[in-house]
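Here subunit A shows up in two complexes: once beside subunit B, once beside subunit C.
Coming up: the complex of A and B.
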């Protein structure tokens, strides 16, 4: 176990940022802390790094109690959303910083520092920018420098706070792939914070979904997406149709009986049903209960808006499928639900 | 072929004045107006009096100028004025930095009042400051008598007294230039340094201080410039012994009182040139530092 978080609580004034959080981070994995702003994910990350102080609980880094340690004693690499590069230092000096500030006895020779820094700059593909200042680099390049700088101290754990948050969409995607590849190469235990579900699902080995200072679900990207543990996770991850229903005898009914979904036995009475747009199947049927109210084509995908006995729903399919079905706005259709979840009313 | 393309690319140059050559295309209006105003204003308020000074000094002729200036008394006054101004600015750079640091970084009861106190040397008539300081540091004053008894040290009516007066009036310049920069310093850089294993001191020396150095230099230059020109507070505490504790502004006043207008202008001219060279050097140093990590 690389990091063991138990019962960490943190209060900012009257706002409870973390509420008795327990979490295990496995050695060598890439873990995503995912949640909306204010969910406590950044606070948790900063507590791991020692940049924020927990009110109570315990934190173990590689089996060693770490809450009492200062950031410099924890040997943790930290990457900031806005890079936090040292503006008055060159790229080389930025990366070398962690090696140069070591106590005299543990410090490498100048030549050795130079070799290591250049090796890292090679790794982040910025070796020829060694003499530039951060202001002369693009956002993506700066974040790679920040990453090299964090890796220079050979940290036991790498913590990244919204590492792609300040970058534009295209660079973000590139850097994301690149980081995934880097992690496959060097296998350093890494935790990154993000509010972007796509980023978390694509990049992470495991995803931790957080809300209001608590952990809602921990699991592989497929697990949290396919089997959300709570209504919050269902709504936060991906697009979803959400509608009220009434459960009786293990069957949830909505839209005047036009929708019948099996519900598990624990739910009874008024409830909320969740259906992903791609789990909603359509077929043209002149006497069908649904009516196509709109079609939006986005790139290769098509979003079909349906009015099912007054209930607005959205279905998603690829464009080819849509043209096979031959649906047009105003057509009547049949609706079948492949997969759904019913949660009790909160 | 060339002729064919040039015939239709000849466009009337917009404006066609000298200004349009200097101006970069911009949506901000009023370039000509504001530049004209700035030059006229600076010319009237700053350059005209200085030109008059230069003209008056030029009346002495080349050798007359140097004869008026290169006397032991004038040179000693230069040494006193510039030496003590530099010393006072250096003291202010150190302690003003600490004051700015405390005011920005820590909250304590009465911090607002301390913040307001910093500006007092700006507002106080300098003569009042001079009288107060000489009363305090005179051999029979509160502090002066203690220093005399304990260390046998005489402060008032010596160069040390001048340095104290200049330190007093120069403090706000350093505090007020460093404060806003320190306020805007992103905390992430310090956190990054800590996470990379730097001690508090290493973080300060390698990260915080270099970021503040340009502002600190500005404050130093302002405090120094103010010190060189200071008159009111110094003459009361200095004792004004020619060759020992006589400052240039006072020497100029003395020359004026003796109706030696040209001599006064000559000394003033030399003082102006020396100040200009020093300030220019400080500005260039700053520009160089800024260019290294311009955003």
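Coming up: the complex of A and C.
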């Protein structure tokens, strides 16, 4: 176990940022902390780095209690959202910083520092920018310098705070792939914070979904997407139709009986049902209960808005499928639900 | 409609050259009348009886003592305010704490209080009939009408210069670079010397320069605590006043010209720094 978080609590004034959080980070994995702003994910990451103090709980880094250690003693690499490069230093000096500030006895020779820094700059493909200043680099390049700088101290774990948050969409995607590949090459235990579910699902080995200072679910990207543990996770991950229903005898009914879906045996009475747009099947039927109220085509996909006995729903399919069905706005149709989840009313 | 508007603008645009010329001319005339002319007259008056009289006024023992004292006071007050200023702005810019707004207001206090009152505060505190006067007298320590009083008054008056210059700069730069340095293994001192200080050095130099100019030129507060003892507690501005009141115009203007030259040097260095500082700030801003 690389990082063991138990019962970490953090309060900012009257705001509870973290509420007794337990989490295990496995050696060598790439873990995503995913949640909306204010969910406590960045606070948790900063506590791991020692940049924020926990009110209570315990944090073990590789089996060693770390809450009492200062950031410099923890040997973690930290990558900031806005890079936090030293603006008055060249790229080379930025990456060399962690090696140059070591106490005299543990410091490498100048030649060795130079060799290591250049090796890291090769790794992040910026060797020919060694003499530039951060202001002369693009956002993506700066973040790669920040990564090289964090790796220079040979950290036991790498912590990344919204590492792609300040980049534009295209660069973000490139850098994401690049980071995934880098992680496959060097296999350093890494935790990154993001509010972008697509980023978390694509990049991480495991995803931790957080909300209001608590962990809602921990699991592989497929697990959290296919089997959300709570209503929050269902709503936060991907598009979803959410509607009120009433459960009786293991069947949830909604839209005046137009929808009947099997429900978990533990739920009874008023409840909330979740259906992903791509789990909603449509077929043209003149006497069907649904009516197509709108169609939006986005790239290769089509989103079909349906009015089912007064209940607005959204279905998603590819454009080919839509043209096979031949649905047009105003058409009546039958609606069948392939997969749904029912949660009790909160 | 649009054509009409454009037509309406055209004469204004044609006039602009004329307006521009007038504005520049009036600004120049104003500068000439209120800044350049008095400055030139200082040197003209000082050299009225030739360079020999000018030199004589400067090497006269009381004048030398005044110049020395001014340098001593500045040499103590400026480093003190350098340290205080950096410490205060560090703590205001990098930390959140209760009473922060009050501290910022307090730092500005010397700017809003009349220098005479700043001097008077120290007389009331440390003077013979002041709050701590009897105690200080029994210990044989003299503050008022002596160098310590001059230093205290100068420190008080010039306190805001460094802090005022640094607070906005440090606030804009934020904490992240320091945090990055700490995580990379730097100690507090290493972080300060290698990250914080290089980031603020131009702003700091600028603040120190202004602080120094004011420390050497301060009149009001210093006048109250000095006691005007010739050759002992007279700084240059006070010496100028005494000479002037004695109708010794050549000597008064000779000493004044030294102060004026200090101002000119400060101005030149400040301009160079602004040019340097501006370029560096633009280059290093994210």
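Assume the second predicted complex is superposed on the first by the 346 of 346 C-alpha atoms of A that agree within 3 Å, B and C clash if a C-alpha of one lies under 4 Å from a C-alpha of the other, contacts with A are read in each partner's own complex, and residues count from 1 in each chain.
Following the convention adopted for this analysis, contacts are C-beta pairs under 8 Å (C-beta built on N, C-alpha and C of every residue); 3 or more make two chains touch, one makes a residue touch a chain.
Bear in mind that the values here come from a model prediction, so they are computed numbers and not experimental data.
Enquirer: Subunit B versus subunit C on the shared subunit A, clash or fit?
Expert: Here subunit B and subunit C cannot both sit on subunit A without a clash.
Enquirer: Identify the partner contact of A:78: answer first if only subunit B is touched, second if only subunit C is, both if each is, neither if none is.
Expert: both
Enquirer: Which holds for A:97: it touches subunit B only (first), subunit C only (second), both, or neither?
Expert: both
Enquirer: Could you say whether A:319 touches subunit B, subunit C, both of them, or neither, answering first, second, both or neither?
Expert: Once the two structures are laid over each other on A, A:319 reaches no partner at all.
Enquirer: For A:115 in the superposed arrangement: first (subunit B), second (subunit C), both or neither?
Expert: In the superposition, A:115 contacts neither subunit B nor subunit C.
Enquirer: Applying the touch criterion given at the start, work out whether A:187 contacts subunit B, subunit C, both or neither, answering first, second, both or neither.
Expert: In the superposition, A:187 contacts neither subunit B nor subunit C.
Enquirer: Quick one: is A:328 in contact with subunit B, with subunit C, with both, or with neither? Answer first, second, both or neither.
Expert: After superposition on chain A, A:328 lies in contact with neither partner.
Enquirer: Please indicate which partner A:51 is in contact with in the superposed arrangement: first for subunit B, second for subunit C, both, or neither.
Expert: both
Enquirer: Given 1-9, 55-63 or 109-117, which part of subunit B has C-alpha atoms clashing with subunit C after the fit on chain A?
Expert: Looking at 1-9, 55-63 or 109-117, the stretch of subunit B that collides with subunit C is 109-117.
Enquirer: Indicate the residue numbers of subunit A shared between its subunit B interface and its subunit C interface, in ascending order.
Expert: In subunit A, residues 49-51, 70-72, 75-78, 80, 82, 84-88, 97-98, 101-102, 133-135, 146, 149-150, 152-153 are touched by subunit B and also by subunit C.
Enquirer: Quick one: which bits of subunit C touch subunit A in the complex? Just the residue numbers, please.
Expert: Residues in contact with subunit A: 176-177, 179-187, 190, 194-195, 198-199, 283-286.
Enquirer: In their shared complex, at which residues does subunit A touch subunit C?
Expert: Touching subunit C: residues 49-51, 70-72, 74-78, 80, 82-88, 97-98, 101-102, 133-135, 146, 149-150, 152-153 of subunit A.
Enquirer: For subunit A, which residues are in contact with subunit B within the complex?
Expert: Residues of subunit A touching subunit B: 49-51, 70-72, 75-78, 80, 82, 84-89, 97-98, 101-102, 133-135, 146, 149-150, 152-153.
Enquirer: What residues of subunit B sit close enough to touch subunit A in their complex?
Expert: 186, 188-189, 191-199, 202, 206-207, 210-211, 292-295
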